[in-house]
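Once you've had a glance at the structure underneath, I'll fire off some questions.
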Amino acid sequence: MPKDVIGSDAAALKSRLLEVRRRSEDWARALSAEDLCVQTMPDVSPGKWHLAHVTWFWECFLLQEACSAYEEFDKRFNYLFNSYYEAIGARHARPERGFLTRPSIDEIYAYRAHVDGALVDWLDRASKAELDRFTPVLLTGFAHEEQHQELFLTDIKHVLSKQSFPESAFGGPRHRVSPVQPAAPNPNWVECAGGRVRTGHEGGEFAFDNESPAHDVLLTPFALADRPVTNAEFLAFIEDGGYRKPEHWLSDGWAAVCAQARNHPYYWRRGEEGWFEHTLHGLEPLDPAAPVCHVDYYEASAFADWTGYRLPDEREWEFAAKAYDAEAGRWAQPGGRLHPVSISGDGPLHALYGEVWEWTRSSYAPYPGFKAAAGAIGEYNGKFMCGQYVLRGGSAVSPARHLRATYRNFFPPDAQWQMTGLRLARDV
Amino acid sequence: MPKDVIGSDAAALKSRLLEVRRRSEDWARALSAEDLCVQTMPDVSPGKWHLAHVTWFWECFLLQEACSAYEEFDKRFNYLFNSYYEAIGARHARPERGFLTRPSIDEIYAYRAHVDGALVDWLDRASKAELDRFTPVLLTGFAHEEQHQELFLTDIKHVLSKQSFPESAFGGPRHRVSPVQPAAPNPNWVECAGGRVRTGHEGGEFAFDNESPAHDVLLTPFALADRPVTNAEFLAFIEDGGYRKPEHWLSDGWAAVCAQARNHPYYWRRGEEGWFEHTLHGLEPLDPAAPVCHVDYYEASAFADWTGYRLPDEREWEFAAKAYDAEAGRWAQPGGRLHPVSISGDGPLHALYGEVWEWTRSSYAPYPGFKAAAGAIGEYNGKFMCGQYVLRGGSAVSPARHLRATYRNFFPPDAQWQMTGLRLARDV
Amino acid sequence: MPKDVIGSDAAALKSRLLEVRRRSEDWARALSAEDLCVQTMPDVSPGKWHLAHVTWFWECFLLQEACSAYEEFDKRFNYLFNSYYEAIGARHARPERGFLTRPSIDEIYAYRAHVDGALVDWLDRASKAELDRFTPVLLTGFAHEEQHQELFLTDIKHVLSKQSFPESAFGGPRHRVSPVQPAAPNPNWVECAGGRVRTGHEGGEFAFDNESPAHDVLLTPFALADRPVTNAEFLAFIEDGGYRKPEHWLSDGWAAVCAQARNHPYYWRRGEEGWFEHTLHGLEPLDPAAPVCHVDYYEASAFADWTGYRLPDEREWEFAAKAYDAEAGRWAQPGGRLHPVSISGDGPLHALYGEVWEWTRSSYAPYPGFKAAAGAIGEYNGKFMCGQYVLRGGSAVSPARHLRATYRNFFPPDAQWQMTGLRLARDV
Amino acid sequence: MPKDVIGSDAAALKSRLLEVRRRSEDWARALSAEDLCVQTMPDVSPGKWHLAHVTWFWECFLLQEACSAYEEFDKRFNYLFNSYYEAIGARHARPERGFLTRPSIDEIYAYRAHVDGALVDWLDRASKAELDRFTPVLLTGFAHEEQHQELFLTDIKHVLSKQSFPESAFGGPRHRVSPVQPAAPNPNWVECAGGRVRTGHEGGEFAFDNESPAHDVLLTPFALADRPVTNAEFLAFIEDGGYRKPEHWLSDGWAAVCAQARNHPYYWRRGEEGWFEHTLHGLEPLDPAAPVCHVDYYEASAFADWTGYRLPDEREWEFAAKAYDAEAGRWAQPGGRLHPVSISGDGPLHALYGEVWEWTRSSYAPYPGFKAAAGAIGEYNGKFMCGQYVLRGGSAVSPARHLRATYRNFFPPDAQWQMTGLRLARDV
């Protein structure tokens, strides 16, 4: 995982900018205007909206601040493409983003080109002092657009899941009628002594505000599984009646299971020939050796309870990830595989990054001493620190360069449409 | 209003078919793939879906019955584009029609061409006996596609109303900052003696099953206003506090007004320069002399109560329309005006057709002796005879040739997105 | 059925008043303070509320108008016990009537005694002119309290249906493990020639405003079944898969059946020994020869469609009821049976009154020339003339003296908790 | 705060049992059968249900385990009065507890007497070994019934808040038109050095499972306010537009404020003479010097943000409470005051117990090493460790002897009907 240590070098920043911006469009070009327009549940934003919102973010937080001559592409976009920044003003209702047939996708591409031109122009002409001042905004803008690239893919996955004809958008389907693969063997446990350890982000590289301040915590001895839970293991839970045994479930989770009559992970489909899984490559046979994904926190917690183990604390995860320097991982690449694969590896901890996000049992909360930044940008993370759980690692749809051991992703416990799995932990 | 007296003449049927089919696409070609894909409330179907559903209707009720060699374009479309025919089988959930990004609009056009080709082919080769047998299905298919042309326009109007930038799709906007127009004068009353009169459809022309059997009814003497209620008149109701006076409202209507904090018709917008109206030509200044439209049954009933008059009975309306042979009207034409215009005319009854549908106080019910047809086609009308009110006349988005004095349109009392207005009646 | 021809005779009015008022309390005394307090669905009002509301009606429409010296029992009751009279002012929210633990039932009885005293006092002292003026209000007050006696019983029936231990409140249960009774034979048909007939109320006796004006209508020849549909007949519909065959159902009804997974009438319960029915006497075995009850309009309509017949028009029902002078019937009596019984009789039409209300296919609408009265009392009926169907006859929980051939009861098509059944009709 | 150090002494246990059981009825005797029957929102249980549920708990977890000869009062109660123990079996739906008019309150009192008799009988006869074995169950039973005594009071408070006439049930109202009291001065700050400290329950006294295992944590230096936030302080927040400034609110909290148009704490009422508060003694003028109560987590968090300080971590609270041995407090007593009073005291930390529960910013989660007990009793706490926040301290409706520094109360962030307030904290 290359470090994000660009510094305020204009050429490097420009190169990174163009790469990030192009990548967003690479994903979109595989899809039709219709695919990019609809909204299949309130949590899902249309692909078109993601493309425009990240562009608005550059316009609002960089161009309008740094570049007095900048002319907005269309002033009305401030209303349409502000996501949740109360300090910026009123905005289009989130559950109605899918009503926006206008502007068209072609207008959004024009909007992107307009903003890209202005950004490059500014970088070409900015003084050293200007670059120094705005490099943090640029780095935030890269990270922000990368986050939305991942959301773009999970949201499009949801859109495609609602089609009657589950055809692929990204290559495939690859109906590998594989020979029955052996279930993954029991995990190996990597033991950690704990004690007083440092947690959180330190150093000069970019990180989000929620990863700071770094601080010491006390960890009791624990062990982490060397790999995520697999489909085969989760299937064993199902076959043992896991979805019918309230004793393993959190109260809210059991209520959801009963109300929705759930009995398998969100994108699993039972066919005549066994289990299949909706993927960005179409409907594929379930790979028993790959990490289970699209389980929500309740399912992750119930599965862990059924095994007799538990979910890790986020600080345990971070400590182990740092200890084993386990930063290699697969990354989302156009043309590549956008779904977890069978786990292998030769370090002590496998697949920390690049397959599935891993639920921890840590509620998303500020670190001691955390203060949100002043102004609109302070809304980026702080106001969401309630009702969500932290996930660590990174998934098969996470962009390269985006992740690190201190990264804190977070979703509500009932979120199913993100590429979420789990890794077991236990006390020692 | 030209009579639909084609008979089973192959050439005439083919000509009519091609005209009807082309007209559906004429409307659609003005819109983008995105405009044609989304669904902005459960009652609205995407434009794309209308184009496909009417095509499926031809396939299901004509080609598969009449033409043994016919090959379906895509068997899966039977699931996607069946609207509500239980006898045909399971179908895609109505509120999720807007999730269907696939098939694309281009595939729908290909589907249409496939079916058109098969229909023409069949007409070219059908024997006289075949033609005689299937002419009723053809006539129903024309009427069905014409109904959906009108729904297409009212549904697209809703989609466009949800855009932040209310730009026109059909020419316009024409922000005529007109000189203040005089309110329409009080209506003239056309008195009818009533008595024992014939109601319902008779004769050989096409009509829907719900217009039959013709039968005698007794009417007490009544009078009908010579024209629909205008915007100026409805504005006077508003300005007199009509939306704050429960004494004029039906109980369910008052509950809706309070729950939704309504105080004007659905597509009215108050601007700094006065009232505007969302139209298919964009946002236009309210024309005081044009018929009020997009009022629901509750608003129509409350307005009538406020005037001291009442809504007509559907049989009164039909009797008067027949008596005055008032069949001229404006019709929806590409390039024409798709919104009511100022009323004028020189017969005793004006604007019976071509401006707004007129709410009657008649609940939609079967005529004495009515029997739904056997099989799926029997679901066309009969099963909806509950919880709806009859509207008579026809609107500025109704297709030419589609209407007649006996035509019974029907919607629930809270429907606002259809082009619905009212004409006053009173006892004599 | 004794006619309500009291005239403005003080002694007769007082006697009637005391009888009506005592009857309300007779029903209530069988129940606990808790039974009389709770609200088990929004349509149900607590028993205590009914007792207070009818008392408020006397206070508001008679005592405060006729009796200047009258002092209200508690001014705050005007807010609590106004049902729906917008002209009177704000009132307690209907779905929260069950929150009212205060005033207690004992305070309500004291309120009743206070108002009864004032009414008797006024009757004892009223001049002839005063009596003449207020006799219509008194007659309305009697009818109003009698309507609420019936609602009291159907609402309490709903409350008792929600108890885990379905014990009787009104004597019983009488688990008559009867020998299998024969299904009722096919109905006999009573044919009517129709033609121009008079419908609606005429003459000096009391009737509600919605029964007027009397007017002529044209009826085509029809036949009415001599008796209501029985449980045995409805069971045959169920056993033939009636709840699984969309072809018999109105569209809204089929949607309700599917959404609620309904497959029998509301108060039927399937036990190991067969079908039982929740009654005001507890859970009883289903009597095959008794009229089916607690079917909603959708079920009544689907059943009729399944038989190949139809529901009657309300004017057909009235015409036949008048023709056959069929006014005898059973009436709700404390100590009596509050549930339909096996049908017998020797006139041509049986059980028109006293067993079940009979759904007609007539939407509830004003008669030609109907005008609601001025003021609050005008809200009694007129504003409900939308979205409801007319029922004719009267049920086993209807009070004696309350009914007549012209009486128009009305409920929405999905109402199940009233004692509603059906009688078949057909064209001749 | 007397320690709960009974040990397994039969006489002491019997004395405590009788005291606890009598206290539950002391509260109930102040209320009518109607007050004790209704349910005014899904979170509220009827008073009658609390009285029966705690009795069922004794029956299910003690008598049926310890006493083979015990005969259940009514086997059906197992279905009605099981709260949430999945391992015990099916149970009455929680939102329909208010439908239960039967059994009556008198039957519930008889049920209580039956169980009390059996408990006393068992205590009188139990061997030393039996006492040793079941003393933990007895202690849990005491604590459980005391928890429900507090819920009984907060639930009844909600029921009374829905009455149109807010009369008191527990003495009062005491409309003290007090001279304007000075706002409480700024809090004094009690500084704590933090470091490695012990948290959680240790020792032989009773505590709930969620207070264990005791473990060490690292605390950074912090300060706690010496007292809870007062009404005067919260009013200043309101008057500064606190409910209109999204920058202070968590995202979910701001959504709730907007959706519900909230602008003051739940039980505040604005009258012509200023602010009043709904209390268990009726409607009383707001006491500016008393702790604010019935604020939810969102309001507590927004208020803290507005001051520039923050909510405490639960471990900070516990550490400070232990350090200052601040165990004196007011307790709920029949005849006493069931509402927070003006704060005074002479230790460094005032009013830790006996006025309001204090929201912490700690999500409710298991302590390291926590394992839920096997069987039904394991459902007591563990399955609720999701979506809730910890509150510390105790309120004016908490029972004597029930609380301690390690006690962890918990509610969802939108809970308003509990007696919840806050105390400020800050980093040092």
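First chain written, first letter: the chains are A, B, C and D, and each begins at residue 1.
Please note the rule applied: a residue touches a chain if its C-beta (ideal position, glycine included) is under 8 Å from a C-beta of that chain, and two chains touch if they have at least 3 such contacts.
Quick caveat: nothing in here was measured; it's all calculated off a predicted structure.
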Subject >> Euclidean distance of C-alpha centroids - subunit C vs subunit D, Å >> reply: 47
Subject >> subunit A and subunit C, separation of their C-alpha mean positions in angstrom >> reply: 60
Subject >> Residues of subunit C engaged with two or more neighbouring chains >> reply: none
**OP:** Examine which chains touch each other and state the graph shape they make (line, ring, star, complete, other).
**Re:** ring
**OP:** Write out all the pairs of touching chains, ordered by chain label.
**Re:** A-B, A-D, B-C, C-D
**OP:** State the interface residues of subunit C toward subunit B in the complex, per the touch definition above.
**Re:** 84, 86-87, 196, 215-218, 220, 246-247, 249-254, 297-298, 301, 313, 361-363, 365-366, 368-369, 378-379, 383-387, 413, 427
Subject >> Touching residues (chain side subunit C, partner subunit D) in the complex >> reply: 32-35, 37-38, 40, 76, 79-80, 92, 96, 98-105, 159, 162-165, 167
